[in-house]
């Protein structure tokens, strides 16, 4: 058995430090690296990609709406052409550092409000993935299983990795419990590890009301900016390793 | 006896957190608040000014070169007109929040590369202070004693507060030991406190080679982003208080 | 009889020139000046305000969503607190130049997507006007009559100037013909002048289907960036003057 | 005989239009396209590259200091690592659109203050060209003959195209007459055409004081933003064509 662990990285900008990249990088198999539009100045891109390459972590682009002040968390009404152009710009910028470092881009995962919008809006999902397709059709796309982003990837012909969350609880319909509701965030390490193991071993998740539903996942997202990010990741990593589950990025087909 | 303690604040941008404003604000008498050009998105400005007003801390503008990715630490060849326009823009933006919160701007301290440049370049120093003068001639200017910024303030007719540093060592000519040299930073709390007390009580400082030179100061700068910022500030504050030295911002004359 | 003619100005950024400010400024009575978020670098703000003061044109802030690449024309999901903070920041920045030039801010007109959103969203309308109110409660607000922005101004207690358009056709319900429909833009100078005169003299407008509806207006918006902006404005100005209608900005009550 | 004609393109940003790309593109053989840091939002990059590809114009990256408000014309004290990172980021962003459009990047020409600095500062010149080298070692570099940029290209092993100007006068030492001096700009079409022909046919230029000096050039820069840009370019193009001189971009060696 094998699973990917992905984490958002390289989101610092100027003197503002975000996350804990140096300590988390050795623990994950995939890094979604900010491309400058919600975080990630050019120096941060460079250092983060070097770090990823040092630990053989698969490098993914983490494109965003152009909204540095809002950290890409505010929805913007870009039309499909604007989405395409903004994503393509970011893919290129990130790939330059990957290539200069002797490596190759592995995947793309939209960030923040763009991720949420792409999950439910087929037009924006396709605009993002057209940019990916014309840029490099071997790239994997990370996103929620069954989302509009997933459907667009199938339609356009891009590899797709279904993403589940270690520290978020689920609803019976397979959606994440909204952050505004109690229990949305799993703060207990033991429960988070248990959820990951269940997803990986059985392809199911136990929702907030106790229902067990299917949850196929190719990659588990862990959050790098939480107080306990390091503790959670270490615990998940150790448990998976003990159980003989390999932690590695999905292969690409060139 | 009385001294001001000033600290740079409000430099976070988007999701990038800088400094430790919430814990430091109650300990200082003056806050130099970023205005959006090197840090400080509008939300951060608002929160920081509210925090300062809550603790009756004197609010200063901390204008910078327009360089978010470089945190205002890279010199830019702006001509005097551009300096004037960029500083004036930032003064206004910050003042809006101060005024909306029912308060008044107290001082201006240039940030980073602009501070360093203004200390030695009379043309840029005057351009900055012309903006201050035409904006509000009751504002105090914070900077190094005897610098070109000081001279420009005297010439233009603005109040000037001579700034000394708690955690930087000095050279016999009164300049700071460059950060590239050993001993530039005072990492020992006891020594930092001792330096502050000597400056306040005797108007002198003992330089790195042991020489005692004059060092009149109206305000002591403490750094908010260091590992020990809180410890240093508490120690300085406690010692000054024990010695009966009042910590308060310089008065303005309206 | 008296009417105000307003025009968006100062939207150039870096080397990109927008509009024809130098030639239009002598022809209008109100200028809505960009504040840096959709256009208007600090140097442009300065020059535009100086130009307005030279011709005794009433200076208005023209705040926008923070979207330079999209010229503020793309809707952004800012929450009311973010709207308040972004507008307040821009009001302050613009006012600094007005004050340094010896003048006073006169009005506020939201720009682009923020204008459209504020017309129909009471929450965003109120957030904008709370910023105006806490900044300077003597400022006039420019916007569509009967819009949510109008209602918010009445509720909060700010002066409101009802705006009509010289070169846009109207629907029987009083709304503008959408730009996507034929005849949305009035390209014939004679017809545009006629529409302005009718609005000013009779308080009515003839809609696209021939219906005559009430259209009270305190200010007429002319577009500065069209090919015929100068010709239109001159024609409107000359005709109004011939008819003895004074062109001047609405008074403020301090 | 053959010569390249290059022009800066794609510098518009948001609603600010710069230059006259649509009309000039069919007349040149090389386009230096802004990459977003001094101009060139993602949509402009896309349209400009599509236009260049439509007319088989060689596409070059035109990277800049990160200074949108200053149009990249203000020198910034970036260290070599920062120069490398900023240039690499821009190369990637531009190349993404070129690649998605089915083409290939051809050359790199630094913009504005970065061009001027690189001409005389070996450290910055090398930092720029290290980025080019690690990104794509087949790219040509455009710059002044004998400059530090030229020396760095030779040292690092990148192809270099010596650039001369159609509408700038030269000094006896081969430098451009500074813009602050009279006669710096050649405003007479006939004289500009004559200078280009002399450079191409004889490898010499007649300086402002009448001296004839060597001036080998592989590419002639024309300015796209001047009042007479179109007239100049047409005249140069027609005269060269009449004289049987081919206008085409230098070949690359892959």
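Going by the order they are written in, the chains are A, B, C and D; count residues from 1 in each one.
Here, a residue touches a chain if its C-beta (ideal position, glycine included) is under 8 Å from a C-beta of that chain, and two chains touch if they have at least 3 such contacts.
Keep in mind it's a predicted model, so treat the numbers as computed, not measured.
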- Task: Spell out the chains that contact chain C while also contacting chain D.
- Result: A, B
- Tell me whether chain A and chain B, two copies of the same sequence, contact each other through the same residue numbers or different ones, using over half shared as the line for same. same
- Which listed pair, A-B, A-D or A-C, shares over half of the residue-numbered contact pairs seen at C-D? A-B
- Note on the structure: Distance in whole angstrom between the CA centres of chain B and chain C is 39
- Message: On a C-alpha centroid basis, what's the spacing between chain B and chain D, in Å?
- Response: 43
- Query: Mind pulling the chain B residues that touch 2 or more other chains?
  - Reply: 42-43, 69-70, 82
- Task: Enumerate the contact residues on chain D facing chain A in the complex.
- Result: 36, 42-43, 45-46, 81-82, 84-86, 88-97, 99-100, 131, 134-135
- Show which residues of chain B lie in contact with chain A when the two form their complex. 11-18, 38-39, 41-43, 68-71, 73, 225
- Which positions of chain A touch chain C when the two form their complex? 66-67, 69-70, 74-78, 82, 113
